[in-house]
Amino acid sequence: MSSLLEPLLVTVLLLNMFVLGATRLRAVIGASAAQGVCLGVLTVTAHGEITFEVVAIAIAAVAIKAVVIPRLLYKAMRDAAIARDVAPLVGVIPSLVIGALGTVFAVVFAGTLPFAGAHAGTLVLPSSLATVLTGCVVLTTRRKAITQVVGYLILENGIFILGLSLLDAMPFLVEVGVLLDLVVGIFVMAIIIHHVSREFSASTDAAELAELKE
Amino acid sequence: MLGVTLAVTAGAVLDGIAKAAAILIVPPLLLGVIARIKARFAGRVGPPLLQPYHDLRKLLAKGSVVSRTTTWVFLAGPAVSLVAVLLAAAVVPIGDGRALWSFEGDFILLAYLLGLARYATMAAALDTGSSFEGMGAAREATFACIAEPAFVLGLLALARATGSLSLSTFLGPAITHVWAEESASLVLVAAGLLLVLLAENSRIPVDDPATHLELTMVHEVMVLDHGGPVLGVVLYGAAVKLFVFAALLVRIAIPIAAPAHLAWPAFLGGLVAVAAGIGVIESTLARLRLPYVPALLLSACLCCALALVLLAR
Amino acid sequence: MTGCALAVAVLVASACGALLAHRRGRLASGLAAAGAVLAAAAALPDAIAVLAGAAPPEVAVPWAAPIDELRFGLDPLSAFFAVPLAALGAICAVYGAFYLDGQRAQRRIAVPACAYNLLLAAMLGVLLARDAIGLVIAWELMTLASYVLVTFDHAQREVRRAGWVYLIASHLGVAAILSMVLLLGTDGFAFSALAAAGRAAGSAATVAGILGLLGFGVKAGLVPLHVWLPEAHASAPSHVSALMSGVLVKLGLYGILRTSTFVGDAVPWGPLLMVFGIAGALVGIALALYQRDLKRSLAYSTVENIGIATLGLGAGFWARSADEPVLATLAFAGGLLHVWSHTIQKGLMFLGAGSLLHGAGTRDLEQMGGLAKRMPRTGALVLLGAVALAGLPPLSGFVGEWLIYLGLARGGTRAASFVGLPLLLAIAVMATVGVMAALCFVRIAGIALLGEPRSEGAARAHESPRGMVLPMALLAALAVLLPFVAPLLAGALAPLLVELGVHAPAVAVAHDALVDLARVGIALWAGILAVSLLVRRLARRRREAETWGCGYLAPSPRMQYSGASFAEGLHRLLPGILRAKLSVPYRAELFPPPADLTVDAGDPFTRAAYAPLLDRLAQRFGQLRWVQRGFLHLYILYIVVAVVAALAVVSIGDFWGAP
Amino acid sequence: MLLALVLLPIAMGALAFAAPSPRLRTYLVVTGAALHAALAVFVACSPPPPMFDRWLVLEPLGRLIVPLLSVQFLLCALYVPAYLAARPERQRQNRVFCACLLALGGTMSLVAVSHHLGLMWVGIEASALVSAPLIYFYRTPRSLEATWKYLLIGSVGVAFALYGSFFLASSALHGGQVSSLLFEDLVRAAPHLSKPWLHAAFVILLIGYGTKIGLAPMHTWKPDVYGEAPAVVGAVLAGGLSTCALTALMRFLQICTAAGDGQLARSLLVVFGLLSMGVAAAFMIGQRDYKRMLAYSSVEHMGIIVFGLGIGGLATYGALLHILGNSFGKGVLFMTAGNLHRGYGSKLAADVSGAIHRFPASAGLFLAGFFAITGSPPFGLFLSELAIARGAFASGSYLGAALFLALLATVFIGMGAVVISVVQGPRGAEGPREREQRLTLVPPALCLAVVLLLGVYVPPWLDSALREAAAVVEMRP
């Protein structure tokens, strides 16, 4: 267990806070991308020995989370002419507070779970859970469809962190499959955002669709 | 031995014949008595006691006018009702406190036979399609719905008092003991049944048989279209019905266990007395307004119900 | 047993046949009717044999889980109900074939024909089942088939509504029955197992018994569970109304009796049933009094008659628990015989109503009148049926009541005061109900059949085909004969009474009482025959003329006393809740324009209780809709909250549970 | 062999994508489904050996689910040609539609046969992704919105499912075992799994897969999607995909049972089951849209099944039987509803009445399907619901049983009001009687026949299959 692990996890947590605090869409996307980079490095550092699989997954993670998807999102922003502000439903300060509470919950909850040997006391589970919750906060408190996609991405990042401790449980194939699903999923979402901006007037946003209701 | 049994059976046969004769012959007499008493009160001499018999004979000999609207029901109605009331009279104890025909629960059947008679009369009335007769039938039915419970409750009170289910038993000798112990409730029952009698036989204060304004009549208006022999049958049936109620009242009101040879005179005298009483009531009371009749009948119900409660306690 | 199985097979087969032949209506309905008659021919001997003492063995058919096995068989109780089912089923089937024949042009009459036979099969199944699940399944099939028949004419709104109410009521009833079965059926659903469980279980048995009473009571139309009954009976085709009112409703009583054999005295059957019975009799007849719709009135009279039968059975149960075999015998026998007699006369009356509808084209009493002249056969039969239904001697209607009266009277006159008084008061109530019934049916007969026609349709009414009249005549004959056959039946009831828990049934007493009644009947018939001949003879010299109008020379049919006015006097004396709701728009003007009176004779319980309740419930549910308001963020929030909450609960539970 | 089960439909899908003519594509769909069904039945009859060191296994549960999925899929596929033929304007999307539909068949079977939880997850996610274009078939704003919601809610749910799987692996790791996501390993190691991790894992998995199953409160996407998607897609999603997610849930239930924590899991299932039934009932009362109503009915039935699984014992058997009945019953309802929707051009109950006059067969089947789905005898769902209720009573949870029965009755009332107002009514209210295409009637009729058969006669082989599957779910030897 290298000493790089903890700092990186803390960075991830800080990035969460940044995402919640940011008011510019590009910044948010950038932050998620940065998280992707962290995850890539984490993948390597979390494992003492460097195997082909580990490296491959790390590279794939960085490539997808930090390059492909952000590009996709930027493109979608351009195509759909999405304004550059985040347009939160809940203000910045409250969402920061919620995020903080989420982190606290994560730490407390992680405290109730036992850890075996090497993993004891690491920040893996707390940071993972906190990131997941941050993703949820973004999903539920940011109006725009594209921010929700970012939220989903952050959610996935959080899950990925927990996955780090299980690389030997998660065979290469599945890991790749997971990443692939992620890409495709977000790709489809981007397509839909595109369609929405075409179907409706450019100003309307997918997240504002509320035709179907009781 | 054989002679004795023969004598007994002969006696039974004679007794039966006598009772049947009484049922068939006596009823019109009661009408005569009532008419005579009323006439006396009015200060007139009045018709002879046997006038109703003459009327019946005259009517039976007449031809009749029948409405085109009517069906066979119009003729069947009076017939059915006459049979029903005659059968009803057969289960009522007369003379020496035994009925011509008695069995367990005959008092319930009595109520239902009277109901059948009522039903037949109402059907015949509706058959003419006349608004007046429909109105009469409606009133008859409405009043019956309140008179019936009074009647049944009264009989039930007697049944409860004597613990038996046959008129001939609980209006027979047993009733003397009841008088001894439960006189109060018997008075109530008698009062209730008297009111029922007045209502069922459409007498003042419920109805005025002598009125000439169709709108005010109940029973008379029901038979407005019947004429000639059919009307005779109707009148005779009404007389028998009156006889039934009067007989009941007599059996309740005359509890003396008369020796055999005095039983019949006592009974007939009682009948005449009841008829006279009705006459007095008719001549002294005024007719109630229709809306108040239900109240009157309800009071009858209450009398009998109270009696029942007293006896069942 | 084999005969009944055969009957079911024939019914199902003929139903399928009818459906297959749906393009040729006449063939289909003929096929169905033939099937029904054959089935009756096959089933009746079985049932009668069982009543006569035969004891066929139960048949157990292994079945897939969760049923495990289905058991079939006939015992006196089910046989007693099977007889009227088979008889009336066949009669109404023949009638129905002719009744619906007129509609071949517009409708597929194969569907009702098929559903009718399926209904018969299902009802037979209800009686054949010897295990609770089989009973429930047959029960539900019965409901579905009858639903199809009730909504045969679903183009009309009120018919759809009637069917819907019927469906809801039946479904709730089945839910209650099912929970009763599941409560008791912990080890097997065979009747024997249920009885054993009922004896073992304590309070559970009571709950189960009450559930069964309510569940079956819905079908039996116990007040206040009767609200579906008038609607459904008024809407269904007449032969179906006849079958439902004549048999299907009685199966509710069968179910209650069956339940009583499971739970024994864990439920105070006597008082409960007597209260239900009295309420049913009074409410039923009070509402039947002023209905304008002939079939609705008949339906309410069904409620009344079921009430009387229930009262009798209740008295029987009371006497059973008080260990008074004679009273129990009289009361039970009375209640059961009333079931049979009511099957006869209500079948007759509904078929008659159908015939009048067929002839005069209306169910509205105020549109009828003078039909006895135009439809002489139907008229005579309906008049007879009305007398029977009014429960007057010498016809069938009085037979059951007679025994109930005797039972109550014996109990009332002999028992201790606080037991005796209620029984005696029950007699008074029954007597009152009897008089009101007489009024109700003299009204129906008088307004519909006698007098002058009140509408064009009535004036142009025509007699129904022989195929419709003959079934009615058959029922009428039964109505006349039953009082004289009854003494023979009394003996046959012994095993049935034993099954109902009367240890030493004193059928002899019932037999004697019925013999007395038969004697009275003979006397009445003889007398009526003699006197009416006499009257005919006396009145042979008669002229025809107009009805006496008290001097008014231009009488018109509209001057007749109408049904409403006929019932008005008593209607006014009814308690307010039971009265029809009259509304006259009041116009305070100097010369007020013509106003019209509207009368709502709908069921007071629906109006006052059920409808408001259901509306409120629907409203409450409607208030939940904001949950699903189409806002995605909210939806995701639900998920997140669910996760966090569940995690918190579980893990904190673990945390505290750990040390 | 098992791999073929997955790859065959996908290959056919690719073929359909390549195929030039729309009609040909639709027939390819049918043939693909038919081949798949034949294969499924074959493997079910003679279970092939596991593949890829036990990643793909066909155990009794799979032997029950796989044929169910593919037969139901086949019946729906039969409906496709006539359905698409009635929509010439949709020729272009027909390509994507057919391809994705077939692919969906493949991914669903992948879920059913995969014993590696990660792979299973991939299957679920993949089937979610391929079904998105199916929902967007009509290219209307409403369908677009539905797709968007489906995708986002689904993705979040599936993400949680993955998270839960990781928790499961960690529970092995922190229980001192070698961490693995192979089902058999987990079951073997179950007694030693770290309990707190296991519980957390089950909760998260329940929520995650519950989103795909459509349990309240994660059901919110169902009415929108089933309301807007083409009828046949609705049938496949409600009958097939939900079943797949249920299969996954049952696997986790097995692990919990093996770990001796069945009780907690079961109580959670009971709670969520009743909650779903309640929500469904509440929204069916006064429902205006008969397709949305079907969605809520699906929520209700998922609740019934989960409740049954939670009760256990006989109820598990009932739940499995209910899965069968529900799949085919939903087939009837969705397809006939599709016919009516097309005939009347509206899915509001207010606009549709007296359908029995205009479309006798469809409306009749719709009505019959309603009685079938609400568990009236003689249909199969009566037996399954009876089994569940009996199990509940037997297990002594009277409150749960009472709620169960009460909610069933409520649902019946709410659903019946809509169905009957649609089916019955004045003749010719909406137009004259119309000719119905036989091809749009045969598939629902077949579905109904299956449901009826389940109720009248459960063949011994099916009974034994159900019993074995129940034994597997309950971890009974």
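Letters A, B, C and D mark the chains in the order given here, with residues in each chain numbered from 1 onward.
One rule holds for everything that comes next: a residue touches a chain if its C-beta (ideal position, glycine included) is under 8 Å from a C-beta of that chain, and two chains touch if they have at least 3 such contacts.
None of the values given here were measured: they were computed from a predicted structure.
Across the assembly, the mean Cα position most removed from that of subunit B is the one of A. A comparison of the A-D and A-C interfaces places the larger number of contacting C-beta pairs at A-D. Rounded to whole angstrom, the centroid-to-centroid distance between subunit A and subunit D, based on C-alpha atoms, equals 31 Å.
If you average the CA atoms of subunit A and of subunit C, the two centres end up 68 Å from each other. Centre to centre, using the average C-alpha position, subunit B and subunit D are separated by 79 Å.
Note on chain placement: the centre of subunit A and the centre of subunit B lie 101 Å apart, centres being C-alpha means. In subunit D, the residues that touch at least two other chains are 148-149, 152, 156, 196, 200, 223-224, 283.
In subunit C, the positions touching at least two other chains are 625, 628, 630, 632, 634, 636, 647, 651, 654-655. Pairs of chains in mutual contact: A-C, A-D, B-C, C-D. Here subunit C touches subunit D in the complex through residues 64-67, 133, 136-137, 140-141, 144, 151, 154-156, 160, 163-164, 167-168, 171-172, 175, 178-179, 182-183, 185-186, 617-618, 621-622, 624-625, 627-628, 630, 632, 634-636, 638-639, 641-643, 646-647, 650-651, 654-655, 658, going by the rule given at the top.
Subunit A meets subunit C in the complex at residues 89, 105, 109, 112-113, 133, 136, 139-141, 143, 148, 207, 209-214.
Subunit D contributes residues 116, 118-119, 121-122, 125-126, 129, 132, 136, 141-142, 144-149, 151-152, 155-156, 159, 162-163, 166-167, 169-170, 172-176, 178-181, 194, 196-197, 200, 223-224, 227-228, 283 to its touches with subunit A in the complex.
Subunit C meets subunit A in the complex at residues 625, 628-634, 636-637, 640, 644, 647-648, 651-652, 654-655. Subunit C meets subunit B in the complex at residues 369-370, 372-373, 379, 383, 387, 390-393, 398, 402, 405-406, 409-410, 412-414, 417, 420-421, 424-425, 427-429, 431-432, 434-436, 438-439, 442-443, 445-447, 450-452, 512-513, 516-517, 520, 523-524, 527-528, 531-532, 534-536, 538-539, 541-550, 555, 557, 559-561, 565-570, 573.
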